[in-house]
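In order of appearance the chains are A, B, C, D and E, and numbering begins at 1 in each one.
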């Protein structure tokens, strides 16, 4: 029983990361119908930006004097990482995706470009900063609360909370604001969007800013929870988060959120009760089962074609 | 002069679609462009709206003037929000994943006037097309063809435009609605709306418009008042049908 | 006369390569590169059927490859390897020469059946949903292999080298080169015949407008099923060859990375173009080898080159065209009249 | 004239530090030898020419790299791959192409099994596993042990099984109360660790690489693990302390040599290495150093004729005859095939974060 | 036995009844019109008959056999072909290939024939190509056989779509607003074409159209629906004079 509760907490934390990353996938997909395969690596970049930001602020680079308290460093690191990561996301959009869109390239070519951008980010990082792993400094001391055999840390609680709040925020933005409506409109028919007086590119850039900054947020939290950073840290979790987003119903914010937690739960519970080698096997079989019962995912709506 | 096209040449990829056309629209006028399929009518409207490639053409030479100012470096959304031009595009291009109501709301994206003006316009659209009011919460992709056309028109009317470009607005509408629509447009024109109309039913278009131009494979081959064009035997033979 | 050109060229090319290999004019390393090139050609042209012609987005090609690789090598080792597991050998070594194509086909068949299982959900979903069905399927395949201890689980499976050396004992020629070459020819012929038939044109129709295809009498489910199975079966054959060329396989070799490589080759060449896919497989393999000394740099340069290429040719090298469309002279030479012209 | 030696090492991929260390050690040795004019063989000086091939820490790349080194670069012998995941398949190719290969760091028995051309410079898992089990028993008086390992990698899997067998032999069947697995590249071990904490084990054995250990240790502590954690030789490589920080202090691991407090040739190597790269050489560096020297010894003993195939054959024969080779990680002989007989060291991570010698265990 | 017998057809979308107890009957080779206000349910009737939607209630009998549960391609194979309100050609297949693919049901060879290029394969492919050429010839499209439909003007695309529908050798051809988007001159051609096809190909035609000259000139009988229900049924003259129809649909053309 205790270990069940413990594992539920574990799953909530792990699912939070899937959810946060899936939300970013979902935002970009929701607007451009583009599977932004670079998103996992944008998440990685977020973690690295946070790493550099934090070591800089902690005074390890010698530019500013050491001695800033950990919580202040964290409070500054998060926005720094979010801004830099957004800049990265927007750069990708400007340099790689937008020209292709302008040329009317097939959607899948943009997807492949995204995949390539991801590879460049991963390996560029490796080439630039070398192969050694980076250790994310401990900014806020970890406090372990033990409640009758169940251990919770302050970090775990924070991660879960952030994921839920991010979801609520994005849900509001996409569902209830005019710019959110514009985002949905772009996904359906980009041609007619400027006819409504909507600056398409601005909305798209806004989307990338939103998606990337939430990836950065996930990156910071991830780096704090799993403080060994490596250039490929975003690849696997990125793919899986994408799968989670699709199972939730790609393009739907609710779906991405639910899908992320679903995957987190299945993975943790499989490992807890079966040999861990069955994890992918069982997790993905369950997801496939869901998709074959509900082909558009949990919350997705099929694009119906009127003939 | 509200809108003037000067010697406009445009191309899609490597294919020139307009070979230097010139025409103009005065404020408060209804002008129609008629011509066979593929003559370049839609291309002209897309050029005026400054829509980006690949769907829209690239300007090779010539100029598009709006109240004397060149539009060539204007962004399409600025054509809508700053110059108050609206286009009802060929093929409707409604946002199928949004409901009817959301489609109409989105059209007010650039509007700065208050909620009451917007809701008055909404009432006007629903008056004209009661069917839309019935379907207001339906995802618009499942509307029937004609209903989608109504929505496309309604959207343009919601944007508080002063110049309206219409690309085959009657396509797929029932005769009753088509006449109703033209009557409404006429009324709006009397209230000051300028209209540039493309219509396959040339006879109808010439009945409705003040002036007209005949476009043939990217060139203007005839122009004049509607009555003149309707009486021109060459035009009659080629475009008005038997 | 014209009809003979293609077979003639093919046979003399094979002779040339074999001769060069036997005399060590191209050393073992470059022989392997050539063989991987052939394997990549099969991979990319087969994936091209689904991703190019059918316009689906399958990201799990490596999974089918894994099925083929494991089935054919496990069968081979069980049947022929001296001291192989399952208490073999059951058949004398010289039979390998004849049995090898059958082993490959068995792998291909197994992969095709797996493809069938993946294709079934594709009747309901399309596009990006299918993308994850295929990814998930490839994860499931990989995970399943990892859980089968008898074939080495995650640690991989070996022993295929014994089969290839058994072949050379019969006759000392670079057998694997021969098999790869034959498989490439087989693949290209099968795919070309498929897509140029009216049956295969149905695939294009499904891509462009599935609803119209269904209503215009195309049995879209069947088309999708057959195409999927054909594509995954060929990938299985490629997997079998991969296993024997390498002499060692492990589930980690068949990850998303491998699928990504296959996708890159398809889109580099141009969706739906067989010659594009084949040529880009050649180019890609060479590039990977030539840039090997750059180490990490390779994985920065290659994607960068691709990104740049996409900017200049957003439809891949060949677009939707074939080599014969670009050089009409070639078509005349091949004596192939394009239907409809 | 030159002697061409190939290196099949993971410069990119999962454990790049391992590749870097290997390359560092090799470069150091090359500079030293070439500065002295080269190695003298049969009265002639040969300069060293090292070819580094990246195996991306992938099995099939290790194979291709081996093929390339052997058939394209025509090296006389090959050093590496380092981890068993690559060394096991690459060994097959080297053996088949009749080229001597020395895997410095691969402890899995299969690497050299039935392969006359394949050697290694380290002890085996079948030795290391029992050493760890004994140590757990003696030092912590552990009756119940837990293991967490990567099932998808040869080295941890083999070692975990060897440890389990040895521990259960000492403490009776079922005394390994949790035998939890994960897969390469996992970062979250919370579910496994929850089981381990619940199992009530006295010690946790983690035969994992330096990049995974910090995550495991930290998560274990967050989930309430308070008992000792015992590691294997893979802890010693790379930047373990830089990644793990205070969390790893006080734990023990089995390894090939202890840098802190070394003497003689070992100290000499450590000093030079530190001077060149400003860091303490890890066991991979040390073992690579030994492996190269081993190979050079073999070449010296065999002599060089210029016919690569003949030389390779001769080097293999010479290597099999090597006795009491005095390496910086200990004395080595090859009485039975490619596996050396040598001692293991247990190291404690002290309060300064140094790997200090704790005790030595010999076969 | 009637060619097509639609009995009591109803189709709901959620709470919306798009088609309500619709009935029609083709005795032989008639040319019927189906008209009605926008959203009346005309296209939905076509969709149900062509098997794209399942009926919520009612039955469709084609040559006496029910089409219930048949997939669209099976329905088409029975001899019901259609065109679409918005053109749905395969725009990146040549015109000829468009026509070839739509004879899919008449392939009569298997996958192995295709791989092995058997005699049967060659014979069938030749027959299919010949048939395609014949149809293109008949519709004056021969010169465009190698073109991609996306490069053709709208009027020709409509014509290709009709050619494609004809290539399945239908007994009933359903045309959904064939004149939409055509210029006045093209409309005249279309009227002639449909009339000619009706005679020449010996088939029944069922047509939805909002342009009254087309319907009135061509149809022998016209059925008018509104809100999914039939409000009138008769000859063109009767319909034009029917006050209900004028009120709901025709209106008066004073601008």
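To be clear about the criterion, contacts are C-beta pairs under 8 Å (C-beta built on N, C-alpha and C of every residue); 3 or more make two chains touch, one makes a residue touch a chain.
Since the model is a prediction, treat every value here as computed from it, not as a measurement.
By the document's definition of touch, common neighbours of chain C and chain E comprise A.
A centroid comparison over C-alpha atoms places D as the chain most distant from chain E. Measuring from the averaged C-alpha position of chain B to that of chain D gives a distance of 75 Å. With each centre defined as the average position of its C-alpha atoms, the distance from chain A to chain D rounds to 37 Å. Spacing of chain B relative to chain C, judged by their CA centroids, is 52 angstrom.
If you average the Cα atoms of chain A and of chain C, the two centres end up 33 Å apart. Of all residues in chain C, those touching 2 or more other chains are 146, 153-154, 211, 215, 296, 299, listed in ascending order.
Multi-chain contact residues of chain D, defined as those touching 2 or more other chains: 11-12, 151, 183. Annotation for chain B: residues touching 2 or more other chains are 142-145. Working note: touching chain pairs come out as A-B, A-C, A-D, A-E, B-E, C-D, C-E. Chain E contributes residues 13, 35-40, 43, 85-86, 153-155, 177, 180-188, 210-212, 248-255 to its touches with chain B in the complex. Residue ranges on chain D touching chain A, taken from their complex, read 11-12, 16-17, 19-20, 151, 180-183, 185, 187-188, 190-192, 194-195, 198, 211-212, 214-215, 218, 221-224, 238-239, 242-245.
The residues of chain A lying in touch with chain D in their complex are 2-3, 6-7, 10-11, 13-14, 123, 126, 130-133, 135, 138, 142, 144, 146, 149, 151, 153, 155-156, 226-228, 230, 232-233, 236-237, 267-269, 271-272, 275-277, 279-280. On the chain C side of its complex with chain D, the touching residues are 27-30, 32, 146, 153-156, 158, 161, 165, 246-253, 292, 295-296, 299. For chain E in complex with chain A, the residues that touch the partner chain are 43, 47, 52, 84-86, 88.
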